[in-house]
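In the two complexes below, chain A is the common chain; its partner is chain B in one and chain C in the other.
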Partner chain A sequence: MKQLALAAAAVIVLAVISLFIGVSDVTPQSLLSPSPDDRAVQVLLISRIPRTLALVISGSAMAVTGMIMQILARNRFVEPSTAGTVEAASMGILVVTVLAPGASVFGKMLVASAFALAGTALFLRILQQIPLRSVLVVPLVGLMLGGVINAITTFFAYRLDLLQSLNAWMTGNFSGILRGRYELLWISFALMVVAYIAADRFTVAGMGQDFTTNLGMNYRRVMTLGLIIVSMVTAVVVVTVGMIPFLGLVVPNLVRLIFGDNLRRTVPWIALSGAGFVLACDIIGRVVRYPYEIPIGVVVGVIGSALFLYLLLRRNAYVA
Partner chain B sequence: MSLESLAITNRVPQKTLSLSRPAKITLLLSLFVALTIFAFMTVDVKGNWDFVIPFRGTKIAAMALVGYAIAVSTVLFQTITNNRILTPSVMGFDAMYVLIQTALVFLLGTQRMMALSPQLRFVIEVVLMVSFAALLYRWLFGGPRRSLHLLVLCGLIFGVLFRSLASFMQRIIDPNEFAVLQDMLFASFNSFDRDLLVVSVVLVFAASAVAWRIRHTFDVLTLGRETAISLGVDYRRVVSIILAVIAILVSVSTALVGPVTFFGLLVANMAYQLTDTYKHRWNLPCAAALSLLFLIGGQMVVERVFSFNTSLSIIVEFLGGLMFIILLVRGVASR
Partner chain C sequence: MIDVKGVTKAYDQKIVVNNVCLQLPVGGVTSIIGPNGAGKSTLLSMISRLLPMDAGTVTVDGLDVTKTPSDVLARRLSILRQDNHLGSRLTVRDLVTFGRYPYSKGRPTAEDMEHVRKALDYLNLEDLADRFLDELSGGQRQRAFVAMVLCQDTDYVLLDEPLNNLDLKHAVAMMKLLRRTADQLGKTVVLVLHDINFASCYSDYIVAMKHGQVAYQGTPEEIMRPEIMRHLYEVDVTVQNVNGQHIALYYA
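This part shows the complex of A and B:
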């Protein structure tokens, strides 16, 4: 408990730092002085606080989602971006943009979720077809499936001149987050709470269909719940900020190395580390080339893939 | 094109030729390639031949060079890694080349880069590419034996890492410099870099000559590392040479048309299926012919049927990804 509080404190520190980084001059002094600077307060309320909240929510939600996927697919190297989920979601966004350009953001999100759900279900179907399933074939199939879905999406985006918007969904970027443009993310926060309440069920479902049924639980229902959570969280995050690669893979695995497999105990840790990781990466992206920004998708791509390689190639890795 | 080819297949008198099956297939494929090239040069020609011949001719030369480079590098890579789903681009080779290009601009600045002639720049990039690729892949494939799936996954992730690093640097450099870099990076089958064509031809010839001198080891290497060593192959030396050849070929194809992830996988596996042999004297030419056939034929389809409204690499990516999944599902990878 004490360690958890410490971690939470660290995340809060990062969040506060994130509040005060930016081109516009917002400092604690200008806010707390007897006659606060109007402009600074507005920037804080309209841009900085929404951005920081968005970072915390999407970071923790993506990390928890990755964990759920890993348990349900019974494989440690699965996450929305290695299972075709993200690509399917962005295909959904493309379809809405083309067929119903006037749709609300919420409508887009729903369609993207439906596509994400279908993509993930397809992925699990393909997995069942593979005779000799080694741990590493699973993410391979996922990455390839993502590539195929992406090729279809690119094909149509290219013909309809939407490639640029497509790239915007595919690279995570928090710089466009303002008040009124991030509230959708609260849905994923709610889903994360649901996931925490259902944590024990997922742990059991992770032991396999027979075992779950033996314990008197409805395996299909737990699986469906998990898939819905995964798809909706992914869709929400892709619609609002774009894709953040490997987050859901690296964070849960690192937490797991330290705290083991009990989901009830690890979910708070995963959520906190996910938020901290995303905050840190976003701060790096904002500071390196100040006053310009590097999208977080790129920063996470570098750090995340390096960490992933470490997980794969470290000595005594159980997969080698 | 497809109608013509069907007609030809029916006309070839199967019994009078007493060639082996792979030889027949290679011969047939080369015939198709010749026909496709002829079609590409002559279809829809309106107006001046003086313009058409050099214009389409350089295009064909570039495509032929790229097709050859991709096919040969993939088959050789699969020979030294001893399996049929690894390809240089799956292992992140072309992402590495893009990273090297970006890093050079990042470290030296465009001023100094532009002072060099494009040919010299290209040669420097290729040299760097060969040394880094040799280092990285010697480390991955040498040392303790790692599982195949681990290698593929690592390769893919290395690809992501290289691409992210490249785009990280691209975001940091000056927008003006970025515009220059983008010109260098943005290559496709329609807008390849004509300056590099001659250097590329020289490089590909040199690499092929080196490979030709050790051609007799290819079939032996297919038997696996231990067997090859006990049959008297200087394993480390030969594999290093082949890796260097592959690095050069991949640099050439990436510099000319940009990364094409799955194309090599597609043609190499089709060649194995068609020839049904392990002998490189048939597999290599057959894969190269298929590669040329698809590139030139595909480009024609893109130009005529889709009237440039799609890109060949998108189609290749789609088919290749599907093929990869099928290979995995059918368990080829676990061999």
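This part shows the complex of A and C:
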């Protein structure tokens, strides 16, 4: 509990740092000094606070989603971006953009969720069909499925001259976040709360169908709830900020090494670590080439893939 | 009483369990034996509603296992499968606490925690309680799983090959423990066993299966006969009385 409070404090410190980074002059002094147009306050309210909130919510939600995805697939090395979920969601966005260009962001999100749900369900379906020889087959299958879906999406995007927009959706980027353009993320925050309430169910489901049935729970129902959470959170995050790769893979696995798999205990840790990780990566991306920005997807990709490699190489040490 | 009526299961035309009728008595230890592919585990899975059956009914104290709500059944009957190859990294205490889930629904009361304490104590797991399962030896892990099903505190405890992966010492300890569970806690223990001599020494009742059907059933004395063993396993078996126990010899 004390450690958790410390971790929360660390995330708050990162969030405060994140608020004061940027080209515009926003510092504690400029906020307090009276100026005629209150420019600093305006920037803070319209750009900085929404951006930091978006980072915290999407980071924690994607990390928790990664954990649930790993339970659904019963494999440690999957997350929405290695299971076809993200690709399916972006296909959904393309479909809405083409067929109903005037759709609201919420409408886009719903269609993207439906596609993400279908893509993830297809992935789980394929997993049931193939005999699994090694734990690494599962993420490979997911990557291939994602590749196939992405190829279809890219083809139509190319034909319809939407490649650039597609690329923009697929690369996580928080620089466009402004007040009025991130609020959808609160849906994923709500879903994270749902995941925490159902934490025991997910922990039991992680032990397999027979265990779950023995304890009197409906395995399918838990799986369906997980599927809905994964798809909706992914869709919301892809629609608002784009894809953040590796996050859902690295964070839950690192937390698991230390605290294990009792989700009642680990979900707060996964959420805080996810938020902290994304905040830190975003700060790096904004500072490295100051005053320019590197998209967060790139920073997370670089750091995350290094951590992922580390986890893969030491996997034999803890995979039972 | 567990009442099995006309239970059948087939995979792609191949009948694995064929029209089995069986009544398992209340109390004591009942072992299900038989050669590989006789349908023992499949039958146990159907009795414990882990596997749907193609035909027939199973009732546990009058409750039809396919129709009774799963959480009601989870307070009557617990099942431990053989391949407890968990991907989950849980501590022993967390695992055993989940045995109370049918009662606590995730919010264990003081009474639930008392059950957990007793189960850990019963299986000598206090020292390991806060270790992760993936850091334990096979025997310790098996004990943790048994502690979980005991913590579930059901009248019927079903175990599929609980001696798998256990060495001699741990196998004997496990059988003694299951015997004690039946004698002291008054539970009905049903086991699938490969080792016929363990079945002979520790069971009150033996059910022998072959080709998806119940071939024989009775007390160890009635079942541990050379001609029955030969018919079941298709090898020459002699049965000797060693210190009042019927021991099958089939090594040479």
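Convention: the second predicted complex is superposed on the first by the 307 of 320 C-alpha atoms of A that agree within 3 Å, B and C clash if a C-alpha of one lies under 4 Å from a C-alpha of the other, contacts with A are read in each partner's own complex, and residues count from 1 in each chain.
The rule is short, and it goes like this: contacts are C-beta pairs under 8 Å (C-beta built on N, C-alpha and C of every residue); 3 or more make two chains touch, one makes a residue touch a chain.
Remember, predicted model here, so these are calculated numbers, not experimental data.
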item: Chain B versus chain C as contact partner of A:Asn167, first or second or both or neither; value: neither
item: Partner chain in contact with A:Ile294 - chain B first, chain C second, else both or neither; value: first
item: First (chain B), second (chain C), both or neither touched by A:Thr27; value: neither
item: Contact breadth on chain A, by residue count: chain C or chain B; value: B
item: Touching partner for A:Ile126 - first (chain B), second (chain C), both, neither; value: first
item: Which of chain B and chain C A:Phe308 touches, first, second, both or neither; value: first
item: Chain B versus chain C as contact partner of A:Gln42, first or second or both or neither; value: neither
item: Touched partner set for A:Gly206, first chain B, second chain C, both or neither; value: second
item: Partner chain(s) touched by A:Gln3 [first = chain B, second = chain C, both, neither]; value: neither
item: Shared chain A surface residues [contacts with chain B and with chain C]; value: 319-320
item: Touching residues on chain A, where the partner in the complex is chain B; value: 77, 126, 129-132, 134-137, 139-141, 143-145, 147-148, 150-152, 154-155, 158-159, 245-246, 288-289, 292, 294-295, 298-299, 301-302, 305-306, 308-309, 312-313, 319-320
item: Chain A-facing residues of chain C, complex; value: 45, 48-50, 69-75, 78-81, 85-91, 94, 98-99, 101-102, 105-106, 132-134, 149, 152
item: Residue ranges of chain B touching chain A (in the complex, touch as defined); value: 144, 146-147, 149-150, 152-154, 156-158, 160-161, 163-165, 167-168, 171-172, 261-262, 309-311, 314-315, 317-318, 321-322, 324-325, 328-329, 331, 333-334
item: Residues of chain A that touch chain C when the two form their complex; value: 74-76, 199-201, 203-204, 206-210, 213-218, 256, 260-262, 264, 318-320
